[in-house]
Structures are given as C-alpha cells and as structure tokens.
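Labels run A, B and C following the written order; every chain starts at residue 1.
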Amino acid sequence: MLNHIIDPVVHWLNLAGTVVFAVSGGLVAARKNLDIISFILVGTITAIGGGTLRDLLLGVSPVGWVGAPHILWICLISAALTYFVAHIIELKHRWLLWADAAGLALFAVVGAEVALAHGTSGMVAIGMGVMTATFGGIIRDVLCQETSLVLQQEIYATAAVIGAGSYVVMTAWLQVDRPLAVAIAFGTGFIIRALAIVFRLSLPGYRRKSPDSGT
Amino acid sequence: MLNHIIDPVVHWLNLAGTVVFAVSGGLVAARKNLDIISFILVGTITAIGGGTLRDLLLGVSPVGWVGAPHILWICLISAALTYFVAHIIELKHRWLLWADAAGLALFAVVGAEVALAHGTSGMVAIGMGVMTATFGGIIRDVLCQETSLVLQQEIYATAAVIGAGSYVVMTAWLQVDRPLAVAIAFGTGFIIRALAIVFRLSLPGYRRKSPDSGT
Amino acid sequence: MLNHIIDPVVHWLNLAGTVVFAVSGGLVAARKNLDIISFILVGTITAIGGGTLRDLLLGVSPVGWVGAPHILWICLISAALTYFVAHIIELKHRWLLWADAAGLALFAVVGAEVALAHGTSGMVAIGMGVMTATFGGIIRDVLCQETSLVLQQEIYATAAVIGAGSYVVMTAWLQVDRPLAVAIAFGTGFIIRALAIVFRLSLPGYRRKSPDSGT
C-alpha cells in the first residue's frame, strides 16, 4: 500500500526505522527480563505502532503492514535477534540511543510524507509525523510500565516536531526537491535529538509561580 | 466531515468541548512540570482522543480532524495558552472541574448524535457518547501516569451514560425536537456531574462479602 | 458483519469468548472495588477490545459490534451480573483462570480465521489472532493499573501464538477441514495455557550475561 504512494527512498527509510524501533522494544523487554515471545510482541508493537495509528487516522485501509507481511517478519527477526544479543547492545547503550534518534527522525519524515501524499494540510502532516515517530515508543513504555516518553524532560517529541515541520515547510510551501527535503529534514530532526542526548538539553518545564505550591 | 452531518449547534458544542479538554490536558501537564511541546501533545490527545476513536469505530474515514485542521489549531492554541496561564487557572481549581463537567456533558451528546447520524442502534450510540466523553481523559491519565478516570470513585462516566442515554431516548425513541433534546441531555449530564462534584457523590463500589478477604 | 464472513461455529465461539472476557474484566473491577458502571465499562472494553482493534486494522468498517448491538448487550449483562456474583466467582478463582484460558484460545482462533477470511497472509493472520486474544486483557490491565499481561512470566501470549499458528498452518497450508482445524487449534492453545496454569510454566526470560549488571 505504502509502496505505491511513497518513493523508494522513503520506503527504505521506513524499513530502517522499523528495525531500529523493533530493537528498541526488545531492549526494553530485556530490561524487564521478558521471554522471547514478549520480545517479539513488544518489539513489533513499538516498530509498527506509530505507522499503524497514522494509517488508521488517514483512512488507509487495511493498514500498511496487513498487505505487506515482510514488515512483520522484519519486526519478528529484529526483536528475536535482540533477545540473543541484547547483552552486547546494552554494553553499547549510547549506540542504541543514537539508533533510536535515527528512528525518530526517520519516522517523523516518513509520517509527514505519507500524510501529505494523502492530501492533508501541513498542520495535519506535522501531527502525523510526530505521531508516527513517537506513538510506538509511547505504547512500548505504557505496556512495560516504564516512565512514559511524554513525561521525560529531555527533548524528544520536540525533535520530531521540528523534523516533520521542516519537511512540510520545504515540500509543501517552499517546493524544495523531495530527496533534498528528506535529507535536510531527517538531518535537522536527528541533530536536534543528538544535541539533546549529548548536552541533556530540555525545554523549560512548567513551574508553578505561587510560593505555597508543592508537587 | 462532521460539519456535513451534524447541525451548527452540535458543531459549536464540539468546539467548546475541544477547548475545555485541551485545557484540562494542559493542566495535567502542568502538574507534571512538562514543557510546552508536551502541553500541546497531551492537550491535543485529550481533546481529540474520544472523537477520534468514535470516528474510527464508525468507519468515518479519514477521521474528522484530518479534514478539519482548525481543530488541531484550536487544541494547539488552547494547550499552549494553558502553559502560560496554568498558575492562574490552578488557583481556580474548582472552575476547571466545572469546565471539565461541561466538556463531559457536551461530548456525550455530540458522540451519541454523530453515532445516530451514522445509523447505529441506540445502544451503540450511548456507547459512542460515553466513549467520546471519557476516552480522551483516559488516555491523558494513562500517558501522564495519573490515577485513571476509570478507577476514581466519584460519579464521572455515569454522568456521560445518563447524558448520552437521555439524548438517545429523546431523539430516537420519543421524537423530541433535536435542539430541545440537546439542551435537556446536556443539562442532565452536566447536573449529575455537578452534583457529584459538590456532594462527592459516588455509586456503591463493589465490596467483598466474605469476612476473610482483604484488598 | 462478522456473521456473513465466519461460519456459525466461529460465531458461537466468538460469543462465548465475549462472555468470558467481560466477566474477567468485571473481576478485575471487583478487585478495585469499582461501581457497577465501571464494571460494565471495563468488562466491555476487555471483551471487545481485541476484536475491535483487529477489525480496524483489517479495514472492517464500521467495526463488527457497531452493526451487531447484541454484542454490547452481552457485555453489559455479563459485566453487570459479575457485579452481583463476583464474591462467588472469586471463591472459585481457579475456575476463572480456566474460563480465561478458554477465552484466550477461542479468540486466537477467531482472530486468525477472520483475518484469513479477509485474505491476509498466514503471518498477518497469526498476528491478528494473538491480538484478538490478548489486546482486550492488555487494555483492561492498563486501565486498572494492574501488572500488564505482557510483563507476566507465565506462558500466556505464547499459547495464543501457538493456537493461532496451528490454525493457520492447518487451514491455509495443510487444507485441514475447518471444523476439525478449529477444534484442534482451540484445543492446542487451551492445553498449552492449561499446562502453564497447572505447572506455572514459563519460557526462559532474558538474563543479563555480564557479571556486573543488576536490575
């Protein structure tokens, strides 16, 4: 389904993001000492959750992976492999953070592009990009009772907003060439997330102003 | 999409409910000291979550706000403003409870009406009304790790059941004029929730009968 | 909707699974001392959650129970009755475990069958079976802040994988007669879950290999 709408570059970016997020789901399963079936469940949900919600909301019916079973195979194999090699990856924890940052930036661009291809407005396309990039991770954390992505201080969703937003601005409004727009938007989202990881950047959180308030 | 199906009164009620729930999402974000992007994410999900699920289940494709981006703008602006004025609203905590009660009653009627307009049975329409009224708040609480609406003792979902139920009884079965039915059903749902707030009303919770049982 | 696609046997299995899961939702509500409206909400969501997600993903529009309100009535009555008799059922706690095992095995077969009837590949059908069997329980536990099914050690989702998998292998690949395949697949899934209950079976959880790692 997706294959007919989006071009090969976005198609491959989508597969790359799928692998990365399936592995990230497996790593959370590792932290919880789950069995291999749970690795596969959590990895798959993490990898396809965001794109599935996007497809449902856009009215893509059935959703993308129903007609493209290789997506499920990729999730299954990525998550199952993680079961056997998680102890190696964990030693390289920061490497995983980088991969997750890449997945975030990839899916933000893919989500915005799929939405635009369905004729949505720019605002909706940005929302779809953010959703595609973050929703899988949100379900992963809710299922595994980890602190939700939404609650973390460090810049995360913001990188997806800027990645998807810059893509929409470039393609829908500035008529930038698509391959160039993909590269710039991906790079922008990735770099912002990368800076957040390296320098522990966060936007200012809401602070109560009244002196008598506590948490 | 909705605009063609429901009449102007319900349309405006829907927008009013959207603002109220976006603000309520922002206030939960404030309690968690989140940043402005998270205010917008949580506020938007709270405001459109219930209606989105309803549209998906009814087969409205794409869901309402995809073709009506002003809904997202309303959410964005309401939640972003909440970031700057939450300390004022919090001082008027009970005012927010009232606004939330209004949103609950509004969305219960809107949800039931949209379902009936799609030709569902009365039972399904009541379910859709309850879902539209409560689902956004449920996701908000799950995402922010607040005690779920479902678990609270005070009457809440019950007010939505009665609001949506009275609307269905009046329009589908008693042939009451729609504007009148909207007013009565909204008033009924709102007053029940209001009484619950003022008098801390709750339905009897399940109690174990055997003497040896604990929690 | 479903009625036209699946045969009478699967239809009745689906209703039986609906009752069992609505009761299981009610029993979790009992543990939380919720009121009768919450029993109905949690029971209904548990019973129809998995099938609803499956229908959404497959593009069944509107989802099955929207056009079949008796499903909602069955959920409502099952959950409401649970409110009044939960203290009896709880005394027979293990009886409920068995009923839940039956529901799990039933929905795994029903989910795979519905997916195959919509022309999906075997891999997708297995995924749909697992989802139909487990998703309602997952939402139930998230809503009620119980330890998620995904995190429990005992074999659970694995039984659904094997039940749905054996059904797909038999019908799609081995051309086994459908009634026979239903019986064998249901029996296989049920027995695996039953053995897990009796002997507290679990698959090996992931264990960190490095000596210096803790939980």
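The criterion applied here is as follows: a residue touches a chain if its C-beta (ideal position, glycine included) is under 8 Å from a C-beta of that chain, and two chains touch if they have at least 3 such contacts.
The structure presented is a predicted model; accordingly, all values stated were derived computationally and were not measured.
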item	value
Contact graph of the chains (line, ring, star, complete, other)	complete
Size of the rotation, in steps of 5 degrees, that lays the CA trace of subunit A over subunit B	120
Centroid distance [mean C-alpha coordinates] between subunit C and subunit B, Å	28
Set of subunit A residues in contact with two or more other chains	56, 61, 142
Residue ranges of subunit A in contact with subunit C within the complex	29-30, 32-39, 41-42, 44, 52, 56, 61-63, 65-66, 69, 72-73, 83, 86-87, 90-91, 142-145
In the complex with subunit C, residue positions of subunit B that touch it	56-59, 61, 118, 120-121, 123-124, 127, 130, 138, 142, 147-148, 150-151, 153, 157-158, 161, 202-210, 213, 215
